[in-house]
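Both of the next two complexes hold chain A, though its partner changes from chain B to chain C.
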Partner chain A sequence: MTSAAAEGVAKTTATPSAPRGRKSVTGTRRTVAALFLLPALVLLGALVVYPIGYSIVRSLYDSSGDHFAGFDNYKALFTDDGIRTALKNNIIWVVFAPAVATALGLVFAVLTERVRWGTAFKLVVFMPMAISMLAAGIIFRLVYDQDPGKGVANAVWVGIHDTFAQSSAFPKAHPGRNSPLRADHGGFLTTSPVHTGQSVALPLVGVAPDQMPHSAKKAVQATSEPGKITGTTWQDFTRGKGVGRLGAVDPSELGYSGMRIEAVKDGKVVATAKAADDGTFTLPAKADGALLRLPAGNFKEPYNGVDWLGPSLVTPAIIGAYVWMWAGFAMVLIAAGLAGVPRELLEAARVDGANEWQVFRRVTVPLLAPVLAVVAVTLMINVLKIFDLVFIIAPGSSQDDANVLALELYRKGFSEGRPGVASAIAVFLLLLVIPVMLFNMRRLRREVRR
Partner chain B sequence: MTAEAEVLPPRTATGTVKARQSFAARLSEAVSGGLVRVFLIVVGLFWLVPTIGLLLSSLRSPEDMSASGWWTVFSKPSQLTFDSYQKLLENSDITSSLLNTVLITVPATVLVVVVGSLAGYAFAWMEFPGRDWWFLAVVGLLVVPVQVALIPIAELFGKIGLFGTIFGVVLFHTGFGLPFAVFLLRNFFAEIPRELLEAARLDGAGELRLFARVVMPLGGPAIASLGIFQFLWVWNDMLVALVFTKSGTQPITVALQTQVRQFGNNIDVLAPGAFISMVIPLAVFFAFQRQFVSGVMAGAVK
Partner chain C sequence: MAAAVAAGALALSLAACGGSGNDKKSGDGHSSGASGGPGGAAVTLPKLDGTTLEVAAVWTGGEQKNFKQVLAEFTKRTGAKVTFVPAQDPIINFLGSKIAGGQPPDVALLPQPGAIKQAVDKKWAKPLGPEAQAQLAKNYSQGWQDIGKVDGKQYGAYYKAANKSLIWYNAKVFENAGAAEPKTWQDLLSTAQKVYDSGVTPFSVGGADGWTLTDWFENIYLSQAGPDKYDQLAQHKIKWTDPSVKQALTTLAQIWSKKDYIAGGPNGALQTEFPVSVTQTFTGGDQPKAGMVFEGDFAQVNIGETKAKVGTDAKVFPFPAVGSTAPVVSGGDAAVILKDSKAAQALVTFLASSDAATIQAKLGGYLSPNKNVPNSAYPNEVQRKIAQALIASGDNFRFDMSDQAPQAFGGTPGKGEWKDLQDFLKNPSDVAGTQAKLEKDAAAAYGNGS
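For the complex of A and B:
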C-alpha cells in the first residue's frame, strides 16, 4: 500500500528538478499554515482520533456505561460463543482470502502478458472492484441458489456430477390405485409371486413429464414367453385422461426406460433385469415363484448439488465471492510490478535453458516478492474488516456460522445493546492493524526526510 | 522498482532468442500458448457470468424467476422484460434512496478533495513546527478500521443531533477519507517543481492564489484519482450508512439491504435495484479506468 503508493506517485511525477528540502517559497506565516490545516485536523481529530480514545475507554465499562468493568469485555472476546465463532472465521478469512486472491492475481498478471487481448481480460477481472459489496452480495446470492434450476453454481456442479454419476431416473414414482405393487424399503414389491409364462404389469404413477428419461418410448405390453417371466413397467398415466385404462398399457403411456427389476425369493435376489426403452423386461426361469421388486435406487431424489450457503460451506462460499471482487486488485498491482521487471533477466534465464515454469518460479516470483507482500498485507487488512459480503450473502439460518468480527461488532453494538463488548472488539481490530500502521509510518518517514 | 521501470530492454531481444529455438520447442510453445488462451477465456467467463446472471435476472418477471434459471432466456428471449425496472422506478422508497446516495456521495467527495488539498499543500510547501510528524500521524490513520468509530460517533452524533442526517454521514465519510486524501495529495504536490511556485510568487501571488491557480491545476491527475476513489467508496458504502441513517435518509445500499432478508420473494426488487446501484460506479470505472487504477495503486488501504 504505502510502498505501492509512493512508487505509483513517484513514477508519474518524479522530475529531476524536485527540490531537496521544500522550504516555503512564500515564507508563510504560521497562522496561514494553521488555517490551511485546520479543517483537516479538526475532522480527523473528531471523527478518527477521538473515536479511538473513546473506544478504549468505553471497552472498560459495562453495557450501560455507568460502571467500570475492567477487562470483562475483553474476556468476552474469548468466552462469548458468537465472538469465538467470529474469531475463528476471521482467521480462516485472513489466511485464505488474501492468499487465494494474490495467487490468482499473480497467475493472471503473468498469463495476460502472453495474449494480445490481455487488457480486455484485465478489465473483466478488475471490474468487480468498482461495484458495492452489497451488489456483489446479491449477485452471489443468485449464484449460490440451492436449486440447481436457478443457481448457476449448482447448475454447473450438478451437470458435472450427473455426467460422472448416474442419478436416479424416477423420483416420486409411486403405485396408483389397485396396484399390484406395495411400498418396500423405499422401493416397491409385488403383492403376489410371479410365474414363468406370465406377462407381469408393474405400473406406477407420479413421475413429472420433464423428469422422465429422454430414452423413454411408448410402453408396450410384453408378450408372454414359456419358461421365462416377461413384463412391462411404465407410467400408467395418460395426460388429460388420468390413468386411462387402470393397470393396462394405453397408447400414449411411456415405458420406464432403464428401471431396474429384481426377483426376490425368501429375501434373496435371484435374478435382475433392466427395463428396455419401451418398459419391457425379461427374467429367466429361476425367478419362477419370486416376488418382483423395484429397488429403492430407482426412486431416490435426484442429486441436488451442494448446499453452498449451509453452515459448513458458507464461509468458503463467501470467500469465493470476495476473491471474485479482489483478485483484480491483486492482478493490477502485480502487473504493474511485472512491467518493472527487467526483461533481460527473463530472457537470460530462457537462453540458459530454463522452461517457462522455472522462469516463473525462480526469476519472476522472487523479483515480485515485495509487490506480492504489499498486495497480501493490503488484502489482509481489508479482510479483517469484512462485513457487507457476510451480512448480505449468509442467509439468516447460517449467519451465525458465517459470523466475522466486524459483523459481531455491529450486532453487539447496535442490536444487542452491548456497546462495551462491541468497543472491545473494535480495540482488538485496531490492535491487529497497528503493526501495519507503524510499518507505513516508518517507511514514509524515510521519504519525508528526503 | 522505480529505477528498474526505466530500463525496459528493447523488445528485439526476443526475436533473436526465438530464431534459435528448435522446432519442438516452438511446437510446445504453441500448445502452451493455446492452453493459456483457453484458460484465460474460461476464467474470463467465470468472472462475467455472475454479473450477466444478475442482469438477466433483473430482466425477467418474478414468475419466470421462480420457475427457472436466468439462462432460460437464451432459449426463450421473449421472457425479457423491463417490468421490474418500471415497477422499481415507481417505488418511491427506491427513488428517494437513490437521490440520498447522490446527496451523500457528491458532498463527501467534494469535501474530501477540498479539505485534503488544503492540508496536502500545507504539508508539502508550508513551514511550521513538527510538519513531518503531523504528516506521519495522518498517514498512521490510514489503516484505522471504520468499525472503531461506529459506536463513538453514533453516540456523539446522537448528542449533537446529527444522527440520522445526511450531513452526519457526509462528515463521517469525509473524516475517514481524509488520511488517504492528505497522503496522496501531499506526495503529489511535493513533486511540483519549485521554480513554478517561485515564478508565481514573483508575479505577486499570495498563498491562497498560489494554491488555487498553480497547485490545484497541477494536481489534476492526483485529484482525479482521489475524487474517483472517494466517490466509489462512498457510493458503494453500506456499513456506515446502515449505522448512521434512518428511514428517510438511507442510501440505495441500505434500502436494498432491508430487502435481502426475504431473498427469493423479492428478486424483482433486488436484482434491478442492485443493477441500478451498479450503473453509476461502472460508468465511472469505465470512463476513468486510468485514474481509478492509479488511485488503487496509490494505496487502496481502506
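For the complex of A and C:
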C-alpha cells in the first residue's frame, strides 16, 4: 500500500515538469491541462492521499474512534512487547532478506551468463515469482513441517543425520509399576546388585508389538546356572491385557532381542552381554555383585529433525522462503544490467592478467553497483511491508516470535479491535518507507539526467 | 461484488467436496425426517411473502450447507427469501465494517457472549420480541436464556451449542492397552499410563491453536474450583495469581509435564494444529500418533476425514471430574437481530423453536441447547450421548471462559491467554511465572475495554 502511494507521488512530481516548459502558452491550455490531470488527481486523492490522511487522523484517536487520544497510540507503539518484537524482526528482515536475495541473484546472473542452458536455468530460478505469496507460504509451511514424513527440510536433515547416527530399537521403553529398574542417565539401572546363580528379570514396558524388532521371539524365563548370571529382558505387557503377571514372563510377551546389558561395578563396566531373540542373556562370574544397566544407547529416540518453525528459527526460515521467491527477481534485473556492461572492460582486465575472481570482484561488481543498489532498495521496500508469508508460515504458537509490523498492524486492527494503534503502526511504516523511497527517486532522477 | 460471488462459489464448492462424508449421514437423516418433519409444527410463523432477509454466520462447509436447509424450511413456511452471508472471524469486526457501510445483515449468529455484549454496547443489537422470548422460555433452560441476556434484556437466542468437555479416544488403542473410560482425573492419569505402557503416546494436543489449550485449562478449573470461581475468573474479578489458578495449572502439569505423554513432545504439539491433532489420533492402525485427543463435539468433523468411524473406532467419554463433579464447558452461537423487522423476529423465533433445531440435528455435526429437541433426532449414538450430557448439566454448564474474555486476551493467535498457555506447555514447571504473565495480559486486556 505504502509503496504504491509513494509511486503515485513519484508520478505526480514527474508529470508537471513537462508542461512547465511551455509557460508562454495561454490560460486555456492550462485549463485543458488541468482537465486532463483531473481524473488522475481524483483517483490519487481518493485512493492514496485520503487513506493516508485518514490513517494519520485515526491514529490520534482511541480505539472506539470517539475520543481524541493525542499520542497515546504512538506511546503504545513503543511500549507494547508485541510491537517491539515486530520492530526487531523487521530490522532483521530489512538487513538480511534483500542482502541475501541480491547476493544470490548476482551469483546466478553471473554464472548463467556462462552456461549453455543459461536461459533455461534463469527460467527455473524465476519461476517462483509466478506463484502468489499465499501459495508460496502454504508450500513452505509444508516444507518446514516438523514430521520428517511430510516436511522436505526435515526429511533431508534427518536423512543426513541417520546416515551417521542410527536410532535404537526401543525408544519409548520404560520401567512399569514396581519395577526393579530405575532411570539412570537415559538408561536404566537395577536397584540391587545381582549374584551368580541368579536368574534376573529386567522387565520394561512401552514398546508397541508392531515396533519390536522382527527377530524378537516369545520371552523365556532364563534358567539359573551356577557360576553365571542369567536373566531375561522383555516387554512385560500383553496386548489387550495389560501387564499380566507383574515382573514375570507371560505366554505371549516378547523378548527384547538385541538389547545390550552392562554389568557395572563402582561405575566401571565389568562385563557386557546382548539379549538373545527370546530376551535371555548370560553374564560371566566376574559380574557377581554388580548392578545391571541397560545403557542409554538402547533407548535413543529417533532423531526428529530441526524445529524449523519453533521460536528461534522461524524468522530465518521464513526469510529463506522469501529468498526462494525473490532471488529470481534480483537475478533477472541484474542479468539485464550485466548485459549492458561493456565486454571490452572485462576482456581488458583478463588481458592484464586478472583471474576470474578478480574480474568479478574488481570490474563486474563495481560496474553493476547502481543496478545492485536499485535491486536491494526495491527489495527493502518490499520487505518492510512483508505480511503474507509470515502470516501463513508461522504456526500460531510462534506467530508472536515471527511477528513483523505489517502483521501486528493486522492483528491490532482486525482481531484485537484497536484500530487506533493499527493506524499508528501504518503511519510508522510509512515513515520507515519514506527515506528508502526518496533514495530510490533521487537515483531514478539521476539516471534520467544521465 | 465479483469477489463476493467468487468467494461464495468457493465456499459452495468447499461444502460440496468437504461434505461427502456428511452426505451419507444426512441421507439416512432425511428418510426419517420426511416422515416426522413437517407434520406437527411446534411454532407458528407469520406469512412474509416478498420480504428478504440476510443472515450472517462464520460457518463453512457442511455446517453451512446444513444451516441453509433450515433456512429453506423457513422460506417454505413463510415465503420470505433468506440469503446466507458468509462472515469471517472475529465476526464482530466483520459486522462492524458491514454496519459502517450501512448494510448490516438482518440477523447474525454471534459465537460469544462477549460479542453479544459488544453488539449491545454499540447499539447494533435489537431486543427480541415476545414470540421469540416465548420460544426461549419454552425450549431453553434458564442458564441458556441468561447468557443471551444483556442487562436483563433478551438479545440473543442460542441456536447452536458446543460441548467442549469431551475426550475422544481410539477404541483400538484402549483395547490393546486394556484401558477403560476414566471417570475421575486420577483414573485418567492411570489410563494414560496404561496407554503409554502399551507403546502408544496417550495424548494428542493441538497446541499450535491456543484455544485448545485454554479449553484444557477451563475444564480443569471449572471442575476443581467450581462454577462460582469460574465466573469470577471469567470476569477478572479474581486475579490469575489466585491460588485456585495455581492448583489448576499444577493439575494440568501432571499431564503436560510428561513429554512422553504428548504426541511429538511439547515442541511437536506446539506445531500441531487442531485438525491434525484429531486426525493423527485416528490414523495409523494399531500405532496412531496418540490414543486420546481432548476437544469438543466438533472434533467429529475432523474424525470424518479419517477412515475411523465415530462410535466404533472413535469413541468419546466426558471430561473426567477433577473436583467433585465433572465439568461441562460449552460454546455456542446465538442469533441476534441487527435490523429489527417482523421478518427478522420471525426468523429468530423459528431458530429458537425445536423445529429448526431438529432439522439440523438430523443432519449431524450439530448440537442444540434446545431441551425439546428429541434425543432420537441425533443421527448416531455418540451425538446422542454428547447431547444428553449437555442437556443433563442443566444450568451447571459454563460458557467457554476465553470466549467471554476480551478478544485481545482470549481470542488472538500468539497473544494473551493463548500464548501464555503455549509457553506453559513448553515449560510446565513454571506455574508462578505463567500465572504472572496471564495476570499481566489479562489486566491489560480487561483494562482498555476493547
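We adopt the following convention: the second predicted complex is superposed on the first by the 277 of 450 C-alpha atoms of A that agree within 3 Å, B and C clash if a C-alpha of one lies under 4 Å from a C-alpha of the other, contacts with A are read in each partner's own complex, and residues count from 1 in each chain.
We adopt the following convention: a contact is a pair of C-beta atoms (placed from the backbone, for glycine too) under 8 Å apart; a residue touches a chain by one contact, two chains touch by 3 or more.
For clarity, every value in this text was computed on a predicted model and none was experimentally measured.
A.B. asks: Check whether A:205 is in contact with chain B, with chain C, with both or with neither, and answer first, second, both or neither.
C.D. replies: The second partner, chain C, only.
A.B. asks: Applying the document's definition of touch, where does A:36 land relative to chain B and chain C: first, second, both, or neither?
C.D. replies: The answer is first: A:36 touches chain B but not chain C.
A.B. asks: Contact-wise, after the overlay, does A:426 reach chain B, chain C, both or neither (first, second, both, neither)?
C.D. replies: Once the two structures are laid over each other on A, A:426 reaches chain B alone.
A.B. asks: According to the stated criteria, A:47 is in contact with first (chain B), second (chain C), both, or neither; which is it?
C.D. replies: first
A.B. asks: Name the contact category of A:307: first (chain B only), second (chain C only), both, or neither.
C.D. replies: Second partner only, chain C.
A.B. asks: Between chain B (first) and chain C (second), which, if any, makes contact with A:414: first, second, both or neither?
C.D. replies: Both chain B and chain C are touched by A:414.
A.B. asks: Determine, under the contact definition given at the top, whether A:400 touches first (chain B), second (chain C), both, or neither.
C.D. replies: A:400 sits against chain C, while chain B stays out of touch.
A.B. asks: Could you look at A:176 and tell me whether it touches chain B, chain C, both or neither (first, second, both, neither)?
C.D. replies: It touches chain C, and chain B stays clear.
A.B. asks: If you count the residues of chain A that each partner touches, which comes out higher, chain B or chain C?
C.D. replies: Answer, by number of touched residues of chain A: B.
A.B. asks: After overlaying the two complexes on chain A, where does the chain B footprint on chain A coincide with the chain C footprint?
C.D. replies: 145, 395-396, 414
A.B. asks: Note which residues of chain C are touching chain A in the complex, please.
C.D. replies: That would be residues 90, 92-93, 175-178, 194, 196-201, 207-210, 260, 264, 267-268, 270-271, 273, 286-287, 407-408, 411-415, 418-419, 422, 448-450 of chain C.
A.B. asks: Residue numbers of chain A touching chain C in their complex, please.
C.D. replies: So the residues of chain A in touch with chain C come to 63-64, 82, 145-146, 172, 174, 176, 205-211, 237, 239-243, 304, 307, 309-310, 395-400, 403, 411, 414-418.
A.B. asks: Okay, in this complex, where on chain A does chain B touch?
C.D. replies: It comes out as residues 1-2, 4-15, 17-19, 22-26, 28, 30, 32-34, 36-37, 39-41, 43-44, 46-52, 54-55, 58, 108, 111-112, 114-115, 121, 123-135, 137-143, 145, 149-152, 155, 324, 329, 332-333, 336-337, 339-344, 347, 350-351, 356, 370-371, 378, 381-382, 384-385, 387-388, 391-392, 395-396, 406, 409-410, 413-414, 419, 422-423, 425-427, 429-430, 433, 436-438, 440-441, 444-445, 448-449.
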